[in-house]
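Chain nomenclature is as follows: A, B, C, D, E, F, G, H, I and J, assigned in order of appearance, with residue numbering initiated at 1 for each chain independently.
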């Protein structure tokens, strides 16, 4: 009794390696959430979603736990460790960056607008608190939480990145 | 014995109303941080910086407490409540959005890169946790914290925005 | 005696999931209008058209009534509830935003021109009547009416969106 | 006892003829709203705001009633009929179109997003109801109303434009 | 003894519905000119070419006379009234606008250059002769004539469009 | 009793040499139309407007007749032959091309739309009637006529340009 | 014993009609240079290359001599006069303009840079020597010569175009 | 009895150092052509024009001969060797690249079109004659000649650049 | 026991000739690094990678040593000298330039940012040390080294390019 | 006996704070090179040039040694420690990123071309040697050396940046 989506023929999924589209279809078939997969893998759900979107590089161990998680819920899954290793393993590195800019999707655009409106204030506070440098987006953890609120639940999106001071020479 | 900066002649400050540049100069003269001004005003520091960058609309009461905070540290300050009211008061509304896109400054670019790399994963998690809708950037609080870490301090940037479900009709 | 269009091979339909193109073809075969489908579904016609263009997320109940409406007029329709659920159901979320900008099509361009010419005046009136904030495009109903007029019928296009005041913190 | 804003040194006002900036300052000094000025002139408020933004061409009679309205509230106003005639009269035609695209300001962006998301559905409904043609943005009235709502007031934005069928030859 | 072109695999023909490409191939096979087809249909040749390029919406009667014209010269033509009705009939509306801008093709670029160089002068003359308004491109006839000239034949390109005065409200 | 416009401080006039702005002011003061000036100079009105917009290079004789025409109606005009010769004479050549593209002004945009919609059809007809080549925009006359029509006056815009066949070598 | 290249699947060849790609493959198989083909056709080599890239329109006679030249060296060539006539003959006109701008390929970019650096000086010298007008790119011959030089051979690229004076009217 | 142009307030001259504008004014006052100045300096006229446009770096000896040439024709010239040395001497290096791209001016656009149409053919011939490499735009001489022709004089534009083979390592 | 990656269906590999994708797959199957292949060929590893990405032109001898290196590790490899010669040999020249700009991938973006931040300083130092001219990117060797460092290994990226002085004429 | 350049009125210097322009003028007046200033400050010359271009943040101690270096060679210099502290001190942070992209200047463009051509190969080698991560442009030293070579001196440009592995979470 399958309920797999096949809308992987449109952007951004159509811009990804075939294995990524297969992952989305396997996830749909399994009925699992990213949160559930993340827990099974011992990883954060945003990071796991990044793997699905081809934006992060999993270790062989990640690929193993991912295959296990999917197979546990769908024994017929054609996603096994070997095929993941072949396509997202040693010889694969993400070419990061997805979608048009400015984003046309409203969910993504709001983050872009956050940068347009609050970018310079954020920069000013970082400089005031840390000095000349940046918040790393390489050594950075991204988190999305649901905060219940009687006036409407809230999304709490956190970037937790290492401060990198500018080197002089 | 002044130490005011006069680098307000370059972008983005040169794109702001003169009162904004005057605010930056008064802040520099006072030696106050945004955190200190924010505490004196009972406002968050990122929001206060947004006022300085012409990206938020303060209430008359905000303008009063802002003038008081600056004058407390620099009695010679030419920033008084009346001039703030005249230029950032009832008749003034922000035209929001500042700076070039993609941003050329590395601090700002890292946020842009966060959207390029983690945008679709964030969207996927929001949909999984909340359904069809967006995180509001209008009803949203932005926060920057310094988290000490032996391997290098970390910047924790938080967007806390109301979830808005798509209406149907 | 079919009269289905097959011009779904060009933009913007070619950018949509296959199910959307199938919907357009089923609608053409049925001879139904969006208004008729909307009435059968208890939904507004612009919203129904948004579903066809992959820009809105229908509920399972919407998909049921949509399938029923199409099948009522074309028993041979290959659009049934199950296929709609599989492709526009739980695992599918719209990636919104369609077509090039500025739009090249004159119908769409006129709306763009409306923003170019009347955008700032509209913003000024919103601020004057509501204060600092925006008209939501998430909690918003869009309507197109035909208003007979002896000098030429008129299109009355309405956006009815919730006012969202800017939060402070 | 002045309360005039002087923030006319930034965009979009800095892109307008000096007379437009003078109009905004006179309006601020008078304390009048666009609605009040519009009523005094017998014109819609969005249209009046368009004149202030240099996006509409007033008649000599409009300029007369505009000068009268402003002077009635501020006898010291330097906006008189003669200066309006000299600068917005016979020899002046608007060069329409204001501000960057895509808009960076959230109020304006939401309208742009409305076009991105609902543009093709609107086009489809117009064709279904009227045939091949467009909604004129030249012969079009734009209106902004405040609709009280217990769950939050709503902005009702209306474009009422003549349908123009495509000519054949 | 066919001589049909098959270069319909490149832009702009590759961006058009398959029926349009079929029309170009049928025209090539028939040896007819747009002028000849136009006369057979009782339509202007530029308008007929617009139909071929998917930029105009023909009536059922236009489609009938078009099919007849093509079949008269090529009885083996697979372009019949039924297939035209199915693909360019009731359910089809043009998504207008074709090709990159600025145009790279020199024939098209010259028109673009005409706008760059003579656009403001044309606007000035229109305002001087008609007042505030535009030349409609919806209610407009476009014509291309060959004018013999001993120093080299001349192209006479005419846009004959209705003047639309700006409405006030 | 002056009625000169001073709105030459905004685009596109602000992008032109000062002498061009002076010409517009002198024309406004004189009350002359381009048609009247053109007749006095023995030149077409669109071409004369092109000189005002800095898009055409007048001969010394053109400058003489232009100065005479303006002075005849305004003896106090500071536009004399010498100042025109100094600034638009031998050492001056137009840097042609004015205004943003795509144009934001609706009058100009309609011409742009004409190219988007009818560009390829026009190209096809030119090739059909003349062969491989272009309509020159250098050796081209541009004309704007008012054609009375009971259903609304019409603008007749004509480009009369030499056909240039592509050379082979 | 073929040695034909099949790299015609990438830009810019992938943007050309199939016949163009076939021509490149036939040329590769034949081992002929553009210079040799040009001599056999009595045409310049740059012009012949332009035909291969779909940027020039050959006469039927050109197509005949082209087919002969290719067949002389490769009797098995599937490029014959009939297929060239069918695809590059009467019904085909170039849509000129190839590749992205600014060009990313260094050979092409250097020409672009020549325009960036020497464009205005070239314009100034043309005006000084010829007056107001342009060098035609339609009536223009392009030539590439190899000039031996002990310090390194030199490329001599020549554009020989008719001067076209601007018309007045 | 001066005849100096003052149109240096518009682009591209307004983007150049003040000394460049002074050079153009001095040249206009002197009545000299670039060809005459070039001969006096022992330099090519296009190169001399490049110095005027701030696109080439003259030697101290070039500046001396340039000052002498201008002063010989206008003893009152304020262009002397010392001021040239101060502003275009040791401490000055060109920031090359002038004007918008694509160029809007027709003279410049034709060169751009030459690249659009003949760029790949030129690249193909360079590779065929020289192998893998480029024509240098650094070690390159640019020349503009007038070639009389009974059917209309011709502009002969030549780029004579060193071939640079790609290094391997 | 294959471990070949098949992610060559996405950018930038999808923009390359099929032989390039085959090379990447053969390399993955062989388990060789670019460094190892480079050593076997007597070439630098960055240059070898450039060949794989279609950005450099190998000699026949390079192709021979490349085929040998791959076959030595995978006798079943379908990459032999003949197929390389056919597709990357005499008739093939790189169309250089790969990927979007600004780059979205963080590894590539950092180099772009290096240019944004240090570009003018680098230019200033080159001029100070060498005079007016450029560092050639044609006669240039690119090298990537790993420099161990207790605080974290460092990437040392070197461009070693010939200085080319600007020619005068 | 001054020889100061005043060409600081054009880009990119015109985009910098006034103190930066003053620094360039002081350097020109002193006759010092960046190398000499760097040695006097104990800093690398590219970094020192970055301070002049407003792209790096100096410490108070850097500003002291900079002022001393300039004053040692020009006692009349108006660049003293106090003015540097006021304008480039505690309250000033660089807004990094300078100049248009793609760069029009050939020196800068060659670096951009290096990224276009060798970007993916560099990325591939970094991944092969270091794994998934980037070369930091924050913790990075940039160096320009002159390497004498009998066939023409060479520029050796080095980026020495810390490798940053991607974090997982």
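In the analysis below, a residue touches a chain if its C-beta (ideal position, glycine included) is under 8 Å from a C-beta of that chain, and two chains touch if they have at least 3 such contacts.
As the structure is a computational prediction, the values presented were derived from the model and not from experiment.
The minimal number of chain-to-chain contact steps leading from chain H to chain J is 1.
Mostly identical positions are employed by chain C and chain F in their mutual contact, as over half of the interface residue numbers are shared between these two copies. Within the list E-F, F-H or A-J, H-J finds its counterpart interface, over half of the contact pairs alike by residue number, in F-H.
Centres computed as Cα averages put chain D at a distance of 48 Å from chain J. Distance between chain A and chain D, defined via averaged C-alpha coordinates, is recorded as 43 Å.
In this assembly, the C-alpha centroid of chain F lies 52 Å from the C-alpha centroid of chain I.
Looking at chain D, residues 12, 47, 94, 96-98, 102-106, 113, 116-117, 123-124, 127, 134, 136-138, 140, 142, 164 sit in touch with two or more other chains. The set of touching chain pairs reads A-B, A-C, A-D, A-I, A-J, B-C, B-D, B-I, B-J, C-D, C-E, C-F, D-E, D-F, E-F, E-G, E-H, F-G, F-H, G-H, G-I, G-J, H-I, H-J, I-J, using the touch definition from the header. Looking at the complex, you find that chain I touches chain B at residues 102, 104, 106, 109, 113, 116-117.
Remark: chain E residues 12, 33-35, 45-47, 49-50, 52-53, 55, 96-99, 101-103, 105-108, 110-130, 134-137, 140, 142, 144, 146-147, 149, 151-164 touch chain F in the complex. Across the interface of their complex, chain H is touched by residues 2-7, 9-12, 27-28, 100, 103-106 of chain J. Contact residues of chain C toward chain A in the complex are 15-19, 54, 85-92, 94-98, 137-138.
Of all residues in chain B, only 43-44, 47, 56-57, 59, 62, 93-94, 123-124, 127, 132-134, 136, 138-142, 164-169 touch chain C in the complex they form.
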